[in-house]
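Next up, some structures in structure tokens.
Two complexes, one shared chain (chain A), two partners (chain B, chain C).
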Partner chain A sequence: MGIGSFKQNIINKIQNNLDIGSIRKILKFISNPLVFYIYGLTFKSVSDKYLNKYSLTYMREVYCGNYPIAYGSLFIPYELLNSLNIRLVLPEVMGGFTAGLGVTGKTLADAANNWYSSDLCTFHRSASGAANMDLFPKPDFIICSNLACDAACKSFEDMAKKFKIEDRFYLIDIPYENDNAAIRYLSGQLENIFFDISEKLKIKPDTDNLKKAVSSSNKLRKHLLEVNKTRERLLDYPQYYNGLSYILPLFGLAGTEKAARLYGIMEKELKIKLKNQLPSRKMKKLLWMHLKPYYRNDIFNILEENNCRVVCEEITDVFWKEMDVQKPFDSLADKMLSNPLRGNGQNRINAILSMAEKYEIDAAILFSHWGCRQSNGLARILKDSLADKKIPLLILDGDCVDKNNCPSGQLKTRIEGFAEIINSL
Partner chain B sequence: MMPKIYEFFKNSIKSSSPSGSNKKIAGYSCSYIPEELIAAAGFIPYRIYGNKGSNLADKYFPINFCPYVKAVWEEIHHNSAFDSLVLATSCDGMRRLKDYVSYYEKELPVFMLDIPRKPDKSSLDFFADNLKKLWAFLCKINNIDPEETERIKISTTAIDRKRMLLKKLTGQYENQYENEGRQLVTSSDYFNIINISLNSRAEIFNDELEEYIKSIKPDIKNNSRENNFYKNSLEIMIVGNYLNDDNFWSVFENLNVRLVSSDLCITYRYFDIESVNQNETMSGNNDIFDDIAYSYISKPACYRMAGISLKLEQMRTKISDNNIKGVIFASLKFCDNTLYSFPAVKEELNKMKIPSIFLDIEYGKSSYGQLKTRIEAFIEMLGL
Partner chain C sequence: MYSCGIDIGSVSTEAVILKDSDIDEKNFEICSYIIGRTGSDIKTASENIFNDALSMAKIKKEDIRNIIATGYGRKNVSLADRNITEITCHASGVLSVFPEVKTIIDIGGQDSKVIKIDRLTKKPIDFLMNDKCAAGTGRFLEVMAKALDIELEAFGKIFADTNERIEITSTCTVFAESEIVSLIGHGVDKRKIVKGLLYSVADRIISMVSRLGIEEPVALTGGVAKNSGIVGAIEEKLDTRLLIPFEPQITGALGAAALALKIAKSE
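Our next item is the complex of A and B:
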């Protein structure tokens, strides 16, 4: 038996017997100082190493049972929850986690057995299946919003019903427009949630802590602005660097000092890379829209092999202004309302066109994740808007979570065809 | 072929055509959009039916996208009959529809009504504020002073009467006696009448519906089981979204069932709305927009709204009150709000031991023969 088949046997064993207990054991094993040290050595980039070690520590905290747990959708103001020392589970991360573990087949099958239609988004289906299979700790709170899509509102409410915590389910209703009435409406909801959760946790609502969280979030923003400014000219990235790998710290851990520190490390690392970049380095610059597949895949390698480099992602753009620490609820409301995925599609188009100009991109890719109505529904307008600026767009049909719904050969052919076109321009 | 019932309502149908009136037409898309505001601003409110026959929208939208949104886009893109549009933030699909209208139909005035998802006080205030913005938008197009809110009270009279008559019709349909084994109001007729009500002038439709209701009164004297004038068909509840498809309703022809307490965008969610004029203080304020906001947010909820448990509780009550034997859950394909709600509905029905069937509807393009076979098999199973 070779090392390869031995490794595969262990993976199969883990996948076949995966439950919350075995996840705890795996996390405990990896957290052993020696294993943790060796694990850290496997990363080529400093920020990647910090991210992975940090994520692991965080996951251990999520599973240890010492912290209140909240499930939350991607774009809610996590500063608020982090200030209350709650540990968080995000469906997009849950979906990615199940994809990374290779158990999506099981979680999706569980969702299907519970009448979730296969027409629905795999992130939410997989997260529902995983929650139903008790792969994640039971939540004390569930918080979601309709930013950027309807899916979280419904799938999370169903989870709240399953876990019998409907009195601890909060839906943040995001207004379509961004005006004073919208800020008032949203800010009021955030304030109510903060005070209600504090009451349910039987702690005194600590707005000072919230202000600190907002301040940390501002630090993260400042570093991210520098990161993005560096990336406008950077082509020579650390190996395996991918902006889309940083969803958990960018959103879920916003408001923590560690997340701000991670972006500080990233800023430093990328600036060094830029300083050492050879002036002769030439590649086609791409903008990436939506998320990426979270299972093992070759998309970014294929792009590299074809002289293309993703230099910016719509999701890592700094769309919000610096927050006023003294007005945390209004500021967080404003941050949510500034998100280009809210409301009118023109918000997203404007953000994309502005990034296209700033990064001087040659082409763009929209990863058309199965079942994502809000993103894919805008594809034609995005294509036409970018075509007006003479920027080609590849609409890459696939699935971020279910690799069986994303044939690798087909993706390769499409990416190579697209790369051939943009390299000839 | 046009259903026979259309002959009875020919004036109503004529009133919705652009040539039948010198009034402007405002297309609208959702039961949460108050048609009384559209009518008060001098428009004919026209619930957009969509062009179901065409596949041209596939050039714009992905394959796995709401067929109703696609059909509506077809109608808007290829039909210049609308003078303005009022859409609502019902779902992601509708948000994208608004984007397509704004991007490709720049000349067409379009308003997006933001509907809150919760029924609390701040949501009601927010909704009332949005209704004021809608009113201002409509008034501006027709050069009406937005201060003339008396117009709204006048228009609610006709709309209220329409709702009252539709409820009466529903009562006749759901509790009707049968004549020689034949329903006096067939399922197909019932849903087609509702369809007509959605986009004809309320004043004209009301008169025709009143006449129709008078014409279907059974002969009470001979009303007995022996004379076969007694209801004996199977009560089935249908739950879903915007199922406005005469081909789908025709599937129920000659089946011995009545679709009772249906929970659809075109039935109770459309007409079971508390009248603004009946109780001026319903919102606790003396403001017409607050009152409209209150009455619309309090109406039977769509699955997009928060509060699935309340929705399930209402479903339970309806099932036991009406002796419902089975539930058809029919959803337009790719409707996230409905599809995400189905697991909870199914679980509840299983607990109640009520058989149910799930149907995916293509909106005008379904395989109706196949649907009929499935429904027949379901009904046969219920009858055992």
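Our next item is the complex of A and C:
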């Protein structure tokens, strides 16, 4: 038996017998310092190594620690929950986690058994299936918002019922406009949630801790600005810095010192790369919209082989102002309201056009994730707006979580065909 | 100087051999072309068809300066010097025959695509491909022809001779097949079903064309362009005459060979 089939046998065994106990065992095993040291040698960049190290430690805390657990959707100001030392389960991260473990077939089937329609976004379907199969630790709180999309509101409400924690289910309502009244309305909700959760955890509400979290988040923001600026100028650009691999630290760990440190490490590493950079061939610069597939895939390799690289992503751009540490609730409300995915579609288009200019991109890709109305609904206008600036847009139909809904041959032809076009422009 | 293009499609494999010439503006003449089935073994299919094209052109492998593979099996053609997607190759193939074309529709066995050509640069600037399922492609028509027990080649005449049609509501291949079986069971005239089917495929194609925005002249390529029923249905719906190359099924391979020649000359 070769090493390949030995590895495949182990993977099959894990996938067939996966439950929360075996996930705990795997996490404990990989995050063991010696094992991680060896595993760490396989990473080609320091940032990537730290990303994996922090993510593993975090997952271990989620699965094996004694922390309160919250399930939450992507754009929640997690500074709030991190200041209360809560550990998070995000569907976007969990969908990716189940995809990475190769158990999406099972989690999606479980969701289908529970009346989840197959046209619903697979992040939520897979996360619901996994939660129902008890693959994640039981939540103490569930928190979501209708920012950008309300898929979370419905599937999380369903989970709150399943876990009988309806009184610990919070829905943050985002106003359509961004003005002072909106900030007050939103900031009030955030404050209530903060105090309510503190009370339910039987701890004294500690706004000093929250202020510290906001300050850490500001540090992350500063590093991220530099990272994004540096990435754009790197010619010899290692794809391992794909910003969309950093969803957990950027969103879930916002407000922790660890996340700020990770982005600090990345800034330093990228700047050294930039300094030592030898002039090399000029590649086409791409902007990426929406998320990417989280199972093993070739997309970024194909782009690289075809002289294209993603220099910026829509959701990793810094769209919010530096926050006022003394006014944590107002600042966090303002951060949420600054998100270009809030409100009128024109907000998103303006943000994309300004990124296109800032990063001097040659082309853009919209990954059209199956079932995502909020992102795909704007495809036509995005395409036309970018075409006005002579920027070609590839609308790449696929699925971030379910690889069976994303045939690799067709994907390859589309990406290569697009690369041929932009390379000949 | 000779070049070769090989198109490994999901249904058929084609090879085209070109020789450079200064006689006309195309700068090449076609020495030979062959069309075969792809089957399950891409390597053998491509080698066999290449050898057949060589003997038909009465030349040896060493005479060929550059070979480009295209089509969904393009990565598996070991005798090719490089591979280029169907999108670029179909555009090159069509433009070498009809330089004025602005929109290209290619309907193959598994994929259908629409390619938009830039007015000034005469290069492809945008394209669309059908989504995962094969509805609205050549295989779909083959399955329906079987269910109807009518030769595909007869679809064109039926389209021209039949006035009425039965609307086929299912777009999925499996559902459409059972819809047809049940219509036949109810004694519906098969010719009306054929006409309905051709319009339903045309509708799918036109939806893609509309998304990119139609610009005339429009060319149709791929094996399905030999189905005059489809040609008629699309022409009627788009209200334009389609330009069809003399052998539409070899367009991808022809484009690959033309690009191979161009690259070889510039090297």
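The criterion applied here is as follows: the second predicted complex is superposed on the first by the 420 of 425 C-alpha atoms of A that agree within 3 Å, B and C clash if a C-alpha of one lies under 4 Å from a C-alpha of the other, contacts with A are read in each partner's own complex, and residues count from 1 in each chain.
In this text, a residue touches a chain if its C-beta (ideal position, glycine included) is under 8 Å from a C-beta of that chain, and two chains touch if they have at least 3 such contacts.
Quick caveat: nothing in here was measured; it's all calculated off a predicted structure.
*Asks:* Should the pairing of chain B and chain C on chain A count as a clash or a fit in the superposition?
*Replies:* fit
*Asks:* Give one of first, second, both or neither to describe whether A:Leu378 is in contact with chain B, with chain C, with both, or with none.
*Replies:* After superposition on chain A, A:Leu378 lies in contact with chain B alone.
*Asks:* Does chain B (first) or chain C (second) touch A:Pro407, or do both, or does neither?
*Replies:* A:Pro407 contacts chain C only, not chain B.
*Asks:* On the A-aligned overlay, A:Ser368 touches which partner chain: chain B = first, chain C = second, or both, or neither?
*Replies:* Once the two structures are laid over each other on A, A:Ser368 reaches chain B alone.
*Asks:* Please determine whether it is chain B or chain C that touches the greater number of chain A residues.
*Replies:* The partner with more contacted residues on chain A is B.
*Asks:* After superposition on the shared chain, which partner residues are touched by A:Asp158: those of chain B (first), chain C (second), both, or neither?
*Replies:* First partner only, chain B.
*Asks:* So in the superposed three-chain picture, is A:Asp388 touching just chain B, just chain C, both, or none of them (first/second/both/neither)?
*Replies:* So A:Asp388 meets neither chain B nor chain C here.
*Asks:* Write the angle, vertex at the C-alpha centre of chain A, between the C-alpha centres of chain B and chain C, to the nearest 10 degrees.
*Replies:* The C-alpha centres give an angle of about 80 degrees at chain A.
*Asks:* Between chain B (first) and chain C (second), which does A:Gly188 come into contact with in this model arrangement: first, second, both, or neither?
*Replies:* A:Gly188: touches chain B, not chain C.
*Asks:* After overlaying the two complexes, what is the shortest C-alpha distance between chain B and chain C, in Å?
*Replies:* 5
*Asks:* So in the complex, which bits of chain C are touching chain A?
*Replies:* 72, 84-88, 111, 121, 123-127, 129, 131-132
*Asks:* Quick check on the complex: what are the chain A residues that touch chain B?
*Replies:* Where chain A meets chain B, its residues are 114-117, 119-121, 124, 146, 149-151, 153-155, 157-158, 161, 166, 171, 173, 175-177, 181, 185, 188-189, 343-346, 368, 370-371, 373-374, 376-381, 384.
*Asks:* Please name which positions on chain A make contact with chain C in the complex.
*Replies:* Chain A residues touching chain C: 392, 397, 405, 407, 409-410, 413-414, 416-418, 420-421, 424-425.
*Asks:* Taking the complex as given, what residues does chain B use to touch chain A?
*Replies:* 59-62, 64-66, 89, 91-93, 95-96, 98-100, 102-103, 112, 114, 116-118, 122-123, 125-126, 129, 303-304, 306, 308-309, 333-334, 336-337, 339-344, 346-347, 358
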